[in-house]
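Since the structure comes first, as structure tokens, the remarks are kept for the end.
Letters A, B, C, D, E and F mark the chains as written, and numbering starts fresh at 1 in each.
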Amino acid sequence: MKISARNVLRGKVKSVTAGMVSAEVVVELSGGNEIVSVITKRSAEDLGLKVGKEVSVVIKATNVMIALE
Amino acid sequence: MKISARNVLRGKVKSVTAGMVSAEVVVELSGGNEIVSVITKRSAEDLGLKVGKEVSVVIKATNVMIALE
Amino acid sequence: MKISARNVLRGKVKSVTAGMVSAEVVVELSGGNEIVSVITKRSAEDLGLKVGKEVSVVIKATNVMIALE
Amino acid sequence: MKISARNVLRGKVKSVTAGMVSAEVVVELSGGNEIVSVITKRSAEDLGLKVGKEVSVVIKATNVMIALE
Amino acid sequence: MKISARNVLRGKVKSVTAGMVSAEVVVELSGGNEIVSVITKRSAEDLGLKVGKEVSVVIKATNVMIALE
Amino acid sequence: MKISARNVLRGKVKSVTAGMVSAEVVVELSGGNEIVSVITKRSAEDLGLKVGKEVSVVIKATNVMIALE
């Protein structure tokens, strides 16, 4: 699948924490940065997410803000 | 300002392309990855965004998806 | 690519209208419904979107609201 | 209420799964497709969502991505 | 229409600026605050938005962040 | 931090309800309106959110819809 979302970054799952509906997934990017994602618990199960698994994080450009420190 | 958004990553502006309402901003993260953001043209002007400027990209965790290749 | 987004629906591009930064894409789903998407003009070009092309629309579940008439 | 969101599709609730804060609602569209929504548990209660209820799903165009298989 | 979005606030349109695809709409809330919205140009036209018109702004709770100064 | 998000409104926390992954935070704006936010439980803890605390709500303009009653 090729997607319109402009941000697709490779990494490895560092942790998965599931609630009843949502799951929080932490991904360590190749560049060293960490990205936190909240998806449905069902998606986390369907994708078989577990620590160490290679994944991509996908982010639509309109969901990225810019800040100055 | 400290914000609830879980993803705040440092980088430098690589390009700014403005339309009439929106602007597309490409940021090069320290780790080497690139992130594309679409914000309002007005925000890009208010923040004085230009090539080389140090910025952070800010992304709420619910806006991050996970994909398997 | 298999993605965490829970909504992936097949259809055909009905129209593409590009501005300087954004593009509006109308997709006719197999079931008869129409879905309107706004992506970056650059993504529309990268995906080679044109009338009649077979595509999927992808929507994260947290971006779907429910309403009563 | 008439809303700026470009996507308003009719359907029937197929399932509701509630956590402590969020609820996952599956809606079967008239055209046959299924849409998954995550809203607050409180909203699901306020709207009286239950299996078989007629609802609309509402999606802002900027939250719709396009993918090629 | 009754919607799952938890935030529906009354106000008056203060300005509308249209590009080719998007439009920026500024709304002055009854409480005195101002809210900026970006919708499609087509939606702004369909709703007949113009200065002084009474509208509601609608925001899904997952799209609201919290910050400390 | 100065952020591209066009909507930054001051208020006080009225309630915090935490699930396992998400937390619902109600903020009373100075102008009298109430805003509901859903963030991660972890963010609510990191920010030390509790009833009465002064906070800002932050909303990206593309996440604001307009409706007519």
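The rule is short, and it goes like this: contacts are C-beta pairs under 8 Å (C-beta built on N, C-alpha and C of every residue); 3 or more make two chains touch, one makes a residue touch a chain.
No experiment lies behind these values; they were computed from the predicted model shown.
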Partner chains shared by chain A and chain D (touch criterion as defined above): C, F
C-D or A-F - the one linked by more C-beta pairs in contact: C-D
Copies chain F and chain B - interface residue numbers shared by over half, same or different: same
Distance from the mean Cα position of chain C to that of chain B, given in whole angstrom: 23
Separation of mean Cα positions, chain F and chain C [Å, integer]: 29
Interface hub residues of chain D, defined as touching at least two other chains: 1-6, 19-22, 24, 36-40, 42-44, 47, 56, 58, 60-63, 65-69
Topology of the chain contact graph, where touching chains are joined (line, ring, star, complete, other): other
Full enumeration of touching chain pairs: A-B, A-C, A-D, A-F, B-C, B-E, B-F, C-D, C-E, D-E, D-F, E-F
Residue ranges of chain E touching chain F (in the complex, touch as defined): 1, 3, 5-9, 24-25, 27, 29-33, 35-39, 43-44, 47, 49, 54-69
Sites on chain A touched by chain D in the complex: 1-5, 19-22, 40, 42, 60, 62
Chain F to chain D touching residues, read off their complex: 17-24, 36, 38, 62-63, 65-69
Chain E to chain D touching residues, read off their complex: 1-6, 37-40, 42-44, 46-47, 56, 58, 60-62
